[in-house]
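What follows is a group of structures, each given as C-alpha cells.
Each of the next two complexes has chain A plus one other chain: chain B in the first, chain C in the second.
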Partner chain A sequence: MEALKVGRPSPAARPLPWLGVAAVGLGFALLALFIWSWWDRSDLAGTGQKLLILAGFAAAAYGVARVANFLAAVRTGPLVGFIPAGLTLALVLLTVEALLRAYQVPAGLIPTPTRVFATLWAVRDVLLQDAYQTVVLEAFTGYLVGCGLGVATALLVSRFVFLERGFLPYATAFSSIPIVALAPVLVKMMGLEWPSKAAIVAITVFFPVVVNTFRGLTEVSPLSLDLMRSYAAGEAQQYRWLRVPNALPFIFNALKLGTTLAMIGSIVGEFFGANGQGLGFRIQIEAGRFGFDIVWSAIIVASVIGIAWYGLVAWLERRLTGWHVSFRE
Partner chain B sequence: MLSRLRSPNLVPMLAVALVIAALYYPLMLLANVPVAQRALDSGAALPCGSALECATQLRSPVLPSPQQLWTGFANLLFPLGSPNAIPRNAAVTALETLVGLALAAVVGFFFAIGIVASRAFERSLLPWIVASQTVPIIAIAPMLVVLLGQYGVQGWIPKAIIAAYIAFFPIAIGVAKGLRSPDPLSLDLMKTYNASSWQTYLKLRFPASLPYLFTAFKVAMTAALIGAIVAEISTISFQGIGKMLAENSRASDVVATWVIMIASAVLGILLVALVGWLEKVVTPWKR
Partner chain C sequence: MRKWTVVLAVLAMATASLGTAQQNLIKVNLQLKWFPQAQFAGFFVAKERGFFRAQGLDVTLLPAGDQSPIQVVQSGAADFGTTWIADLLVARERGIPVVHLAQIFQRSGFTLVALKSTGIKDLCKDLKGKSVGVWPSGNEYPAVALFRKCGLTSSLDPRAANPDVKAVSYPFDPSLVFPDKVQLVSAMTYNEVNQIAGLGYDESKVDVFKLADEGINLLEDLIFTTERVLNERNFKGSGLTGRQVAARLIRASLQGWDWAVKNQAETVEKYVLPFCGNTCKGSGSRADAKGHQTWQMAEIAKLYNAGATTKGWAGFLAPADFQASVKLLRDQGILTKDPPRQAVDYGPWEEATGKKAADYK
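After this line comes the complex of A and B, so read on.
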C-alpha cells in the first residue's frame, strides 16, 4: 500500500485535528493542575488525584497521537515536524513530575524534573568547569588525534595490500573490545590528569575511523578507476580526484559515530580516576552519595553537548558532501 | 575452519603480529628503564642490580614485560573455578551480557514494529531514540544500579538490565531498517495474494530483517558487554570482570589490570564471533 501512495497532500488539503489539539491542551492542563495543587504537600495523593493524573495522561497521549498522525500525513518543514517529539517530551516530563509528587518518592531516590532543572541552574558553574575538562580537554583532543591518525592509517593501508591483509583484520577485531577495560590500564600508565582520558578517546575513535575510511577509499567503482587510468592519472591524482572524495561520506559516518564514542570514552575513563574534575567524575561521586539531582544535571549537560557535537559534524557533512546520493531528495 | 586457515590474510597477519612482538620488548625497556632508575636512585630495596635488569620486574611498570604478563595470566587463570580467577568472572559477565542482549532484542523488536507500523509513533519517539544514541548513555549506569538496588533488585539482574538498556537502541534502529527493507515489488506481491498485514510481517518483513538484525546484534553485543562491565564497576558486586577491574585498579596491581584487559578483549571478540556464527546458522542463504 505504501508503494501505491504517490505524494502527500499539502496541509491545506486536510482540516486541522482540532480534537487532538484540544485533548493535548486538556491533558496538559489536568497534569499541571495536579502538580500545582500538590506543590507544597508532602502526603500521598488519594485515589481521585491518581485518577486525575491518569485521565490527564490518557487525554494528552491520545491528543499527541492524533496530532502526530496528522503531521505524518502532510508535508512539513523540520521545525513543524519536530512538534510531535516535543509534545512527547513535555508529556513524559509532566507525567513523571506528577507521579513522583503523587507517590512522594524521596528526592534522594528519583528527583522530580523541576528539581533537576533547579539544581542544574544552581550548580551551572561547577558543571561548566567539568564539561570543559571532559569535553574540550579530553574528548575533543582525543577525538582530533584519533581521527587524524585513523585517516592517515587508512590511507597507508589502502595503498599497500600487505598492510590491508595484515593490519585490517586486527582493526576489525579491536572494534569488538569493551573500551572500559582499557581505561584502568591507561589511567595507571599516564596518570590522573586529562591526557590519560584523551588517550582512551583517541584509541576508541581510531579503529572505526580506520575501518570506515578504508572502505571508502577502496569501494571505488571500477569504471571510474578505468577512467582515471585512461587519463594516465598518477597515484596521487587518483587519490586526490577519486578515492578521497569517494571516501568522504564513509569518513563522516565514522566521525559521527566517533562523537558518541568520544563522550563515552572520556566519561568512563573518569570513573577510574580523575583529578577532581570532569562530568564522569561528578556522576560517579554524586551517584555514590545519592545526589541524583546533580547526576541528572551532569547527564543533561553531557547529552546536550553530545547532541550539539553530533549536529556540528552532521552540518559539516552536509556542507562538504552535499553532492552525495544520501542527501538527494 | 580449514578454509579460514588458508586465507590470504594469514601470512601478513602473522608478520604484523611478529613485528609488533619484536618491537614490544625494546619499547617496554625504553619505557620502564627511567622508572627503574628513579626507583634505584631513591634507594628502594630491589632484588636487582642495574636499571636494565629492574625494568622487567617493576611492581607498577609503564608497560609490563612478557614474563610478568605470563605469570599474571598463570596467577589469574587458575584455579579455573576460583571466585578470584578470570574464567568464572568472565562467565558471569558473559551471562549478564547475553541475558541483557536477549532482553534488548525483545524490547527492541517491539519498538521496531511500532516504528514501522505507525508513523505517529515514529514521529513522536524516533527523534528521542536517535538523540539518545548521541548521548553518553553509559553515564546513567551508576545511577540505575543504585536505584534498582533500592527496590531490591540485586545480584546479576541489574547488570543485565543495564546491558539491555544500552544494547536496546542499536537493535531497535537496525530491526526497523530491516523491516522496511523489502522492496515495493515484494510488498505489492503480498497485496496481490491478499495477505493480511500480519502475514506480510511473518512471511516477508521478518525474514527480510534478519541480516539487519545480526548486524545490529554485533554492535549491540559490544555495547551490552560495556554496559555489564560498567554496571559491575559502579556497584558493590562480588563477581564479574568489572569487579576484578575495579579491585585490581584500586589495589594498583598494574600487571593484573593488563591481564584483565586482554581477557575482556578476548571475551568481547568471542561474544561477537558467537553472533557471527549464529548468523551463519540462521541465515544460510546469505553467503
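After this line comes the complex of A and C, so read on.
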C-alpha cells in the first residue's frame, strides 16, 4: 500500500493539463455555438457548419482524453474520478444534438437530446406512475419471489441428492434459455394485469439463482468440511457457518444478474398486453405513433432505475461479503 | 464439341430470356396493414388475376403483425403500404415524409363494443371510469379522438396523470380482454364484431357503437408511400419514375378492388382463403374461416362502396372527407397543425384513372 502511494505523484506535483482543459472548453463552445445558431432553423446545414461540428467534436475529444489521462495519474476521490465519464457523456450528447439538427433528422425517427429531456420533464408524472407499475409491482415483486424461491430451492437441492440428480439438470438447462419467450404465453394465461409480468420476472430470475446458489453451497473446500466434522458440527451448523457464507458471493452474482433480467422481463412482458400503464406499455404505444421523445424518456427512467437497483445490490454485497478476496485491496 | 456449343448456346439464350422476362416486371413490395384477410381482397385479386402483372409489376404483399406499416415503408423494406389516415398524418407531423396516394375505404369501420349489461348507452356520458381495450401501433387514434371529443383524458395520453378512461392494450384478440378486463373493446365492423359474436356475445347481448355514427369518421385503409419513393427518377432501375410505378400500382389495385367487390364469393374462395391460413379464422362458434371471411368481405364491400366510390371515383380521397378527418384530428389535439400540402398527392391517382381531382363534385 505505502509503496504504491509513493510511486504516484501527488496532484500538486503535476501541473493541470491546461491545453486539455482549453480544448474541452473550445470544443464544447463550438458545438454549443452551432446548436444555438441552428435552434429554430429547419434547413440542412452547409459543409462549413458540418466542419465546425467536426472540429468541435475533435477538439473536445482530444481535451477529454488529456484530462482523463491526467486524472488517471493522480489519486483522487470517486467524484473527481467521474469527471472523464461525465465529460464524455456531455460530449456525446452535444455532438448528437448538433448532428441531428445539422441533418434535420425528423423527431419521429430520432428526437434530439434536448427534446427528450424537455419531454421527460413534461411527462414525469405519468412516467413515474408507469415506473411504479413496472418496477415496484412487476419487476421487484417478481424478483423477490423468484430469488426467494431460488435460494430455498438451492438449499434443498444441495441437501438432497435425489433433487440434485433429478431437478438440477433441468434448472441448468432452463437458466440458459430465454425465458422471456414465455411472455406471450404467460400474459395469455394470467391476464394483462401486473401479476403476469411478475410471474415472468420470477421465472426468469429463479433459475440463475438456483444454479449459482447451489454451486456456492457445494463448492466448499474439503478441508473446511473436515474441520467442521472434527468439531462435530451438525448439518444446520455446517450450513450456518460454512456453506451459506461460502455461497454468498455466488448468490450475489445471481442477484445482480437478476436485477437486469427483472427489468427486461417486466418491460418486454408489457409488450404483449398491459392494462394502460407501465414503461413497456408506454414504449410500445409511443413507438407505434412515432412519439420517440417519450420512448427515450421511458428508456432513461428504466435505465436510471435499473442502474440504481444494481448499485443497491452491489452495495449490499460489499456490506455482507466484504471479507471476500475480490474486495480486499 | 460442336454439339456442346449448341446446347450451351441454347441454355444461355433460355436463361437470358427467362432473365429478361423477370426483369421486365418491376419488383414492388406492398406492406399490408394486417395479416392476409378479406380486408385486403382487392390487392389479392389484383395479384392473382394478373392485374399487377399487366401493369408490369411483380408485387409482393407483405403481411404485418402489430407493427406500424409506416415504419416498414419508411425503412425502405416496403415501397408502398396501406394504413389509416390518423396514423399517416401523425407520422407526417412528426417529420416522416409519407404521402397519401389513394383512399380505398371511404368510411370508417371502427367500433366500440360493450355488453348490454354494462348499461353503457351513450358513449360520451358513460365512458368515464371505464376500461377500454385498444390496439397499439397507431390503431388507437379513433378511440383517442372519441375520448377527447367527449372531454375525457385517457391513459394513452402521456400528459394525463389521473386519466378518466383506462386504455388497456392487448394484442388484437378481443377474447383476451373482453368482457372480463374491459367494459368496452375496439372492434372493426368486418372482423372483431363477428369474433365477439362467435364468443357468445351476439347482437342480442352487446351494443356496437360505430364511431362513424359518433362523428368520428376517420378514414381508414389507404395506399401511401414516402417522398423518397415518389421522387425516384429511376425506380429500382426499371426506367420508370416512382410516380409512374405508383400510378400503375393504383390502377391495378383499383381494378382488383372493383373485381373483388363485384365477385365476392369467388374472391373469398379463390383469392383470400388460399392465402390466409390461421389468421382468417373467426372465433368460437363462428371460427370457420370461410364463413368469417365471407362475412368480412361483405362488410369490407360496404366500406369500399361509399363516398367517392359510389360516384365512380374509387380510390379518390374526396377533399371534403380529408378536411373532415384533419379537422377532427386537429380539434382533438392529435394533430397540432394542418398537414403540409405534400402529405396528399393526387398525381398518381389522376394518372391511374385519367380523372382530374379538381373535377370532383
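Criterion: the second predicted complex is superposed on the first by the 318 of 329 C-alpha atoms of A that agree within 3 Å, B and C clash if a C-alpha of one lies under 4 Å from a C-alpha of the other, contacts with A are read in each partner's own complex, and residues count from 1 in each chain.
Here is the rule we go by: a contact is a pair of C-beta atoms (placed from the backbone, for glycine too) under 8 Å apart; a residue touches a chain by one contact, two chains touch by 3 or more.
Because the structure is predicted, anything quoted here is derived from the model rather than measured.
Q: Who does A:251 touch here: chain B (first), chain C (second), both, or neither?
A: In the superposed model, A:251 contacts neither chain B nor chain C.
Q: For A:53, using the defined touch cut-off, is the partner it touches chain B, chain C, both, or neither? Pick first, second, both or neither.
A: The answer is neither, since A:53 touches no partner chain.
Q: Which partner does A:310 reach: the first (chain B), the second (chain C), both, or neither?
A: Once the two structures are laid over each other on A, A:310 reaches chain B alone.
Q: Just to be sure I read the superposition right, which of the two partners does A:122 touch: chain B = first, chain C = second, or both, or neither?
A: So A:122 only meets chain C here.
Q: In the superposed model, which partner reaches more residues of chain A, chain B or chain C?
A: Of chain B and chain C, B contacts more residues of chain A.
Q: For A:281, using the defined touch cut-off, is the partner it touches chain B, chain C, both, or neither? Pick first, second, both or neither.
A: A:281 contacts chain C only, not chain B.
Q: Given the touch rule stated above, what does A:294 touch, chain B (first), chain C (second), both, or neither?
A: Second partner only, chain C.
Q: Contact-wise, after the overlay, does A:191 reach chain B, chain C, both or neither (first, second, both, neither)?
A: In the superposition, A:191 contacts chain C only.
Q: For A:205, select first, second, both or neither according to whether it touches chain B, chain C, the two together, or no partner.
A: A:205 contacts neither chain B nor chain C.
Q: Which partner does A:175 reach: the first (chain B), the second (chain C), both, or neither?
A: A:175 contacts chain B only, not chain C.
Q: For chain A, what residues appear in both contact lists, the one with chain B and the one with chain C?
A: 109, 184, 188, 272-273, 284, 288, 290
Q: Inside the complex, what are the residues of chain A that reach chain C?
A: Touch residues, chain A against chain C: 105-109, 122-123, 125-127, 129, 184, 188, 191-193, 272-277, 281-282, 284-286, 288-291, 294.
Q: In their complex, what parts of chain B are in touch with chain A?
A: Of all residues in chain B, those touching chain A are 8-9, 11-16, 60, 62-63, 119-128, 131, 133-140, 142-143, 146-147, 150, 184-185, 187-188, 191, 218, 221-222, 225-226, 229-230, 233-234, 241-242, 245, 248-249, 252, 254, 257-258, 260-261, 264-265, 267-269, 271-272.
Q: Can you check the complex and tell me which residues of chain C touch chain A?
A: Residue positions touching the partner: 66-68, 70, 74, 87, 90-91, 93-97, 131, 136-141, 154-156, 158-161, 163, 166-171, 176-177, 180-181.
Q: Please give the residue numbers of chain A that touch chain B in the complex, ascending.
A: Within the complex, chain A contacts chain B at residues 1-4, 64-65, 68-69, 71-73, 81-82, 84-85, 87-89, 109-110, 162-163, 165-167, 169-170, 173, 175-182, 184-185, 187-189, 259-260, 263-264, 267-268, 271-273, 279-280, 283-284, 287-288, 290, 292, 295-296, 298-299, 302-303, 306-307, 309-310.
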